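Here come two complexes built around chain A, the first alongside chain B, the second alongside chain C.
Let's turn to the complex of A and B:
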């Protein structure tokens, strides 16, 4: 209690500083990794690799932005991985199997995410279930639901060449012969918007306050249930967006998959400086965290590492990145 | 108060589930028949009831899951054969191919249903060993299908209805060789994408391809090097020359995700000298198609070869992105499995059946004999 109060009370200065410090470390790691991979592998230093890196990062970014909100409240959302696949399956199903327009599929994908966000928010904020348990359950529900809704068949979102394929240009647009990562523009815009919402607006400040000290926030007259729920709804909304990005990038979505992807998102948020106990975090940090994850996933195969070593190296790099942060914040506390 | 909220929540959840269920079942109106038969475990109970209606047998089939549409075609073939023979069957499978414990549970349930015979496509034989001996003790014959039950104890599995995946890999290599023969020269690279290095079926398809390709390339007077994943490098029977003229590079992702396989493929496509990429199952072949969306060289400078079917793959073969692909015969596999089960239940002696595979291209994929195996 006292610890948390201190944290909440000091939130203006040292924590912001801490996040800034974490960001610097993360940026340094990104640059170092990038330089390393470029130096080691000529096939890595190509435009198509960068394009692929961005392409495969969109869905993680959206999940991670969403899950950052859940983490900041002191909770978690384990349903984002299977949820994303589930919404993408449902959205793709109505387009490819029921023949509805692609716009309906897109809206439905995001809507499913929002609905799941409402359910998660209800369970955590209203029913006061531990977020870990509540979202673990909805994670399983989402996994099964995706399979049931599509009759356990994989779903193929429309190909880029088909009439319905225009939505994929939202993520990767071809002008002349060159392809541009248009999806990155949306990522940047959304990161800026969500950063402002989190740090400069009432809902964002309340969400942070709930994570710092829910009871104190409630006692100061804030409707904590409402804002707590909102965090999960935002998370659901972004998971819906992730579902779209996933369908656009990989075309084929297989039911029963997605478990484990939430860990990529959560990990990215933590690397980016979001506290696992809630009360602090930043969207830009999360974006940087996603880049570390994506760089490792893309780069390590390029330097010819065997599959098992890739996992070990990924584990070590992430460990070091978080360790540096822990040591830094300990030093900051002493000082 | 809380109880009321909870019961309200539960009711809403139930109604929502019902709605989803109903919405789902109205779907097949717009879709073909297989979708309707697809609904997996839940319908099992209903199917079990009319057992022995015509004095027929009842079989339990434990598959690897319904995640890949391949299994829908197996189910369809099995169901039609069972109907034809007047038998009943219950076809189940876990949510994904990594749910080994779920499959063990399903296999135990199958034994408890006391069927006349059990069909099994094992995810992990060692996890199933106890259950297999329980089935033996209960006197229930086991027939393997798909990748069967590798390394099963002696006598536990009476016969397998399976694609010989090594031969399927050879077929892919032979057909690919015809397409790349002119491009073979010192410095050429042939890429192989394998989903994993554990599963026997995917492993055999890769090795069959590598061995045959190396043999064919050597026939042109060029030496061959095999690089990349350790399993394939160690297990290939090809004559390998370090730093040889032609390199066969095998990529295996650290985890089976679309993202990592796509990255592996991109890596291959960016390699100087690349003339061909072979994806040894639906997952890997789809990775070629999606990586090509970034690079755009497959179907032009690079020959793309797939395996299995599915809408994305079929589309890519039709559009010429993939020059061709090998398909197994899942429909025939399902039928052959039930036939073996029927014979086993009758007490006849049975032997392994190779359910075969076919090379398909944009030109022949609409022929009925091939189209039946090309699931969406």
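Let's turn to the complex of A and C:
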């Protein structure tokens, strides 16, 4: 018997092992929070609330999936918050102000994200700047860039009722009288796809390997620069998707906003079990992390707690999540 | 011993300011274990890095299997069958054993990695080596010995014809070294050429067929292992004779006062009921195999790890030591085995490191009194003969031996009377070693007392006045130097429950 098996207890349970301890805790918290809000507030139980909860979670989910890849390499990407708003502004601008077809706007939004990913990846993987610094700079650049491109105007992506409004239906579709959260379907599909890429394909394996020990990976003959860059490009691509979701969910996209949203994404990834030091993380975990954040954000007002309290509680949740992780790895070391 | 498989001739390599390799020759034959020896900085690792394509050579030729070649990168070398098992293990602790073995050349099923197949192949490799490791286990959960086995498995999975072991035994237990040697002999008998880099003279005699010695980036010569003595090899390495005579008589007076008494110390499973006494002016050796609990005992004593029980007396008075600060206040200094992590701050100057534990005494108001700091630093640079151009030199630029002296200076500045040396000469070359030994002897002559944890038998026998032997967290015996032999120490060190 190995040491690990001897430790016994809950962590021995095959189901617990399969799902992962921290993830199980997170699922439990989600269920508990949901039950709590439902019990406390009858209006929370309504379909429209759930719809709204999902609606406002898409853009965070995409940012968080992207940033998970950056975090797994042992880096970070602070540019996702302002970046998302910037790409959404640019995409929306060409549609509403320049009159280009909506398809062009959509493509341009995602393309901007990819370009930013390439820039971040270049700075971090090729120039070897610390990710924190590199993406802090690009975060500021993105914030200014969005304002300049739109001449400091707010942008409203086409309304659902307008001719080009079909793209809002991609996220929330109305069939008859009922609205369905179509965007959630894309989230689920992308989470599954990215999970497979992360755990079952070469790019994912090498991105994890780089986060675990970059030099060892390099000496194994892996092109670390390429894969390291790819992690940031994936992050940029998803930030582009987040820009779309953001434009589709909200009436107005305002220049100069978005700062701080990256922290929601990073927070979600870490609650979901992604390591700040790199080498481990999971996309499903990140999705669960987003759920916790969204539940708190949507649910707390229903029990009479406003924005300030949400932040305090979110901070505590993150702290607990990280503490659990730290305590567990300490125990593992001692055993 | 078979035909020549690899020849390196006239290899020359310079880095800015350093002539790292000066026309070095090396020849490896099929079915032999060739030792590559030399002091730290002699150029062994550089030579191997040139061979495997990590560095580009400036001059010289490499002939492998009869053809002149130059590997572009480690991967090309691997593909051709020249692989290196690195000194620092190149493991990815978050990935599984099988994922580590196949990193960079995953077995694919279309675009999807076939982890199951990789696990199967890993098991086959381990069977070939006669070892048992679960390929699905995370690399980080294995012992260092097992990790090394995985590295070897990775090496042979490349159909290696030449395997280079760069100080493989540095972190292994005796049992693991035995297993490693068995594997190495196996590989040799299958006709592979093996290059074995190590500092441990005893191992060289046991495992290798020939010894090639390097010194200061040059090729010194090659000996047949069984026809030469340790002294022959050491002579070639340092160009001078170093005597490794054991101490025969304790230098401590019978009635020397007890400065430190430890009773029934318990801390985790590595420190079980350990008691001992340290006399004034004594070097108390702590011997045992890796993982015997010696470092853990020292750390618990020093307050670096929590204790579960036990009493500590200093100069007859019972003291409480819960943190390293308590220990330092009671005059105990700890020189860690891992200098770079726990001993010194490499990016800081000699002076800054010297005063680190005593900074309070070097303050003038809110500011550090640089002049006073430099004075004290110079004092110790001179008395310890630390080789450094100035006291403002960053410690990272000093050799291992001189770094160790800076750590000693730090604790002397703090007026520590009890010094715990944990592997005082690890990573320090032969010449600097004897300087550290002289220094330790001077310290005890001045009335300091030393606890010396050492895994090198010759060091224990040469330096100690008395020897405490530990095994699996327990003290299994105490021997006066007059009666100590390698045999009786080893007997106690392997006295398992």
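As a working rule, the second predicted complex is superposed on the first by the 309 of 335 C-alpha atoms of A that agree within 3 Å, B and C clash if a C-alpha of one lies under 4 Å from a C-alpha of the other, contacts with A are read in each partner's own complex, and residues count from 1 in each chain.
To be clear about the criterion, a residue touches a chain if its C-beta (ideal position, glycine included) is under 8 Å from a C-beta of that chain, and two chains touch if they have at least 3 such contacts.
Everything numeric in this text was worked out from a predicted model, so none of it was measured.
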Combined model on chain A where chain B meets chain C, clash or fit: fit
Contact breadth on chain A, by residue count: chain C or chain B: B
First, second, both or neither for A:180, with chain B first and chain C second: neither
First (chain B), second (chain C), both or neither touched by A:156: first
Chain C, chain A and chain B - angle at the middle CA centre, rounded to the nearest 10 degrees: 130
Which superposed partner A:201 touches (first chain B, second chain C, both, neither): second
Chain B versus chain C as contact partner of A:220, first or second or both or neither: second
Contacts of A:172 with chain B and chain C, given as first, second, both or neither: first
Chain B versus chain C as contact partner of A:34, first or second or both or neither: neither
Which of chain B and chain C A:212 touches, first, second, both or neither: second
Minimum Cα separation, chain C to chain B, after superposition on A (Å): 17
Shared chain A surface residues [contacts with chain B and with chain C]: none
Complex interface listing, chain C residues touching chain A: 54, 73-75, 78, 86, 90-95, 99, 103-106, 108, 111-113, 115, 134, 137, 141, 268
Chain A residues touching chain C - in the complex, by the definition given at the top: 2, 4, 196, 200-202, 205, 208-209, 211-213, 215-217, 219-222, 279-280, 332, 334
List of chain A residues in touch with chain B within their complex: 42-44, 46, 48-49, 51-52, 55-56, 93, 96-99, 122, 126-127, 143-145, 147-149, 151-154, 156, 159-161, 172, 179, 249-252, 254-257, 259-261, 297-298, 300-302, 304, 306-308, 310-311, 314
Residue ranges of chain B touching chain A (in the complex, touch as defined): 2, 5-6, 9, 20-21, 23-24, 27, 30-31, 35, 38-40, 65-69, 72, 95-96, 197, 228-230, 251-255, 257-260, 262-264, 266-267, 269-272, 282-283, 286, 289-291, 293-296, 310-312, 315, 319, 376
